[in-house]
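Look at the two complexes coming up: subunit A is in both, with subunit B in one and subunit C in the other.
Let's turn to the complex of A and B:
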């Protein structure tokens, strides 16, 4: 049996909205200590990794490690029924067959609503993410990051991030023109210069989740775009870099 | 291209210029990383047809998948359902192919006649052999049994059992190469038990190890017949 209660349905709503365009089906790994999710987009260039630790939930009970496969589109439909201030109980019982119940409760009005969503058999590949020390780690306002990505996306599908001691530069170069955004460092980022090219995906979406976004870069390894969730979790996007292929350049 | 860009932007804010410089410095870093073809790598953007080259450059940058960086974890863990299915498939194969027949040795006992010894060790719960014969419904079997009773040269090779609330009988009277029919009876110290399994809508009576069995042990199971008349005729049913 698995039972977890969030104080605000809005949180789960935001998470699902942030990833549902990138990932269609999600296997939620529920264990004693956390509810996790790892999934790739269909083209396998981006990996979504979500962790919601026990501390984030009002109540949390997980008898044994289970994997709950859900379609994010269906989950989103279910969550649309909830008001943002409703509490959200996620419940799965082995005897219930293959469905998960979301219970939204409006405490003030003594109203509860049960929405049951069919589970899916997801044959997912779990990726081992190696420990990696990044040469650049920078934090910036999530809204700022979103605007930058949006601006660059109008010119190009791919985005180049270059970080030096002098600052971090986002470049989007396309047929119709180029957009370059430069930030001078305010505090951290005293590292070597690094450059990463990647596709502007929807990694800039979860602005609503968190105020800050942390970018971790290193040459020729996936970029990490991390949105901390409260103090007990995170939503991370690992984005595969585009690497210049020299033979083709000649 | 870098230079051109730098010139173009010269008139603009200092901030922008610094960004261009940093990009240049970065491209050098990149290139030294990749075999030091500095000139080659930098020259294409210098071309006179920037837009076309630009597009090509985008194409040249190959897409990489995230799985190239993070290995897929191949978990050997299986769900209980999977394990159950696999075990079932293995049992099915073992029963249908009769692969265990070769591990059973026929021997002759002066008192009991033929018997079967284990040709290898079996662990508790292992499938040993199928009791193979003709599957008959109860009424047909009863008629046949009466017929056999008239001929004293015919031994008893009929095994009656109930499956899904229906009575069945396997008639293994006819001599066959299958050794399940030759296994002797023991009520007191059997090492096999019978079990009915169903594959593809057909059911089979199989013998399963009741405990760990050592090589060369005689295989024995309880024939189960406790009717007074049979016992009177065959006292060994309850005293062996």
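Let's turn to the complex of A and C:
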């Protein structure tokens, strides 16, 4: 059996909202040490990687490693029932058939609500993510990043990020015009210059998960957009860059 | 053509190896296309009022039309096509080719008959059967592809075998053909319907060889023997052994030698001097070009050259050709979106199976076992998801 309790339903709600447009169904991999999720979007441009360590939960029990297949749309429906301050218990029992129960409890009002969600058959692949040293790593307020992406999206489908020692520049260039946003670094950095093009609509996942977002860039490898979750977890988006194909389209 | 009933055998016995996808999910992928097969398709399918397209001087242009627009469709979807042309057929195919010549002669006779009767529908049917790709058409298509900047490879022998070799060596992602024997030649990915018309709205059918082998629980060698038993282009089959029996025998006896030792040859007579060993060798060690000699370059299309050839010589509409070319240019210049799964490699399969599905699968298994007179023990242990 698997049983885990979060102090705040809001956290799970935010996570699901942040990924449900990218990923429709996904396996939640529950092990003794953490609850994880890894899934690609349908066009295989982005990879979502979520990790919630045991420390994040009030209680956590997982007898054996298990993959719980869920539809994120259905999960979102279930979580909508919860108030943000409710505690959230996620429960799965082998004998219970094919569903997962979310129990939302409002401690002050002595109220609990059980919502069960049907599980899905999922046949997917996990990608191994190699260790990569990135030439640029920068942190910025998540709200700022989101606004920049939104601004650029009105001009262009793709977004170019160029980072130098002098700062980081986001460029969106389209048929109607160009938008350029420049940030100078607040702290000194020794990073090298890098330039990466991305598809903009995938990089602007609105996330109220955390205040800060960390971008890790390196030429010709996927960009990592990471939202730390408290101290014990993260939600990462790996975004494949656009490739210039001058010579052999390669 | 290809392997008889193989796609059905795969659908029945290795369903997870089969996927239906939209064409756009293959963006950024390099795909090797069996040119001879698709030219033939174009000559049959690209028609107006039932007859092939022709230029002013009465030459067929269906193949150019098909090649031009279907190639652009792929490039529009971010796919990088490579066309592979047949070389000379292997000696072993002579039997099959003879059969085809016979069939053509037959169709020719029937065509004359149908014409005499004035049955337009029958005439059309037999005319289609008589379609053959000429050398000139082959050359014209090669010229067009070169002008379009699309790479082409001349196979020393069978195109499917060459495509499969390109896939095996990681030069391309998949083979696109309707011919199922690309799998037998070891192409890990086979895509069907890639060169079909957009109007048909046919999804791409993807076959994954590794999964076929895994789910059927056979090795590559056993798979090749299975294909030979099903019926390939290179030799005959044992009479009386259909797809079901063939798979059963392969699983039980592992190879054709042992099968021949164990079956009642009076009941299931194998062909005389059955050259299955050579067919097997042909599949496992096909005659393909040296990998190092092949470089695949996608170049800028020569717009003026194409206009001159297609519109000047072949009477295509210039506006339409130009607008299609500019569309192709645009998708080329947009840069290719990288695929996340080309940066990270698959490390594990994840399976979430609900109890309901497990039960259904178990019952199916039981029914199967029941049909096989319930010899085997319990159902096989479920693979634990990692």
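We take it that the second predicted complex is superposed on the first by the 241 of 250 C-alpha atoms of A that agree within 3 Å, B and C clash if a C-alpha of one lies under 4 Å from a C-alpha of the other, contacts with A are read in each partner's own complex, and residues count from 1 in each chain.
The rule is short, and it goes like this: contacts are C-beta pairs under 8 Å (C-beta built on N, C-alpha and C of every residue); 3 or more make two chains touch, one makes a residue touch a chain.
The model shown is predicted, which means the values in this text are computed figures rather than measured ones.
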* Would you mind checking whether subunit B and subunit C clash or fit side by side on subunit A after the superposition? => clash
* In the overlay, answer first, second, both or neither for which of subunit B and subunit C A:241 touches. => both
* Asked: Looking at the overlay, what does A:47 touch: subunit B (first), subunit C (second), both, or neither?
  -> both
* Asked: Once the shared chain is lined up, is A:182 touching subunit B (first), subunit C (second), both, or neither of them?
  -> first
* To do: Would you check which partner chain A:171 touches, where first means subunit B only, second means subunit C only, and both and neither mean what they say?
  => first
* Would you sort A:29 into first (subunit B), second (subunit C), both or neither based on which partner it touches? => second
* To do: Go through the superposed model and pick first if A:81 touches only subunit B, second if only subunit C, both, or neither.
  => neither
* Name the contact category of A:73: first (subunit B only), second (subunit C only), both, or neither. => neither
* Just subunit B (first), just subunit C (second), both, or neither: which does A:107 touch? -> neither
* Identify the partner contact of A:1: answer first if only subunit B is touched, second if only subunit C is, both if each is, neither if none is. => neither
* Structure fact -> Running into subunit C, out of the candidates 22-30, 76-84 or 112-120 in subunit B, is stretch 76-84
* To do: Jot down the residues of subunit A that show up as touching in both complexes, subunit B in one and subunit C in the other.
  => 40, 43-47, 125-130, 158, 197, 199, 221-222, 238-245, 248-249
* subunit B - residues contacting subunit A, complex -> 5, 15-16, 18-23, 25-27, 29-30, 33-35, 37, 40-41, 44, 51, 54-55, 57-73, 75
* Structure fact -> Per the touch rule, the subunit A residues reaching subunit C in their complex are 27, 29, 40, 42-47, 65-69, 97-98, 119-130, 158, 197, 199, 221-222, 238-245, 247-249
* **Of all residues in subunit C, those that touch subunit A in their complex** => 16, 24-25, 27-28, 80, 295-298, 332, 335-357, 385-386
* Contact residues on subunit A for subunit B in the complex? -> 40, 43-47, 125-130, 156-158, 162, 164, 166-167, 169, 171, 173-175, 178, 180, 182, 184, 193-195, 197, 199, 219-222, 238-246, 248-250
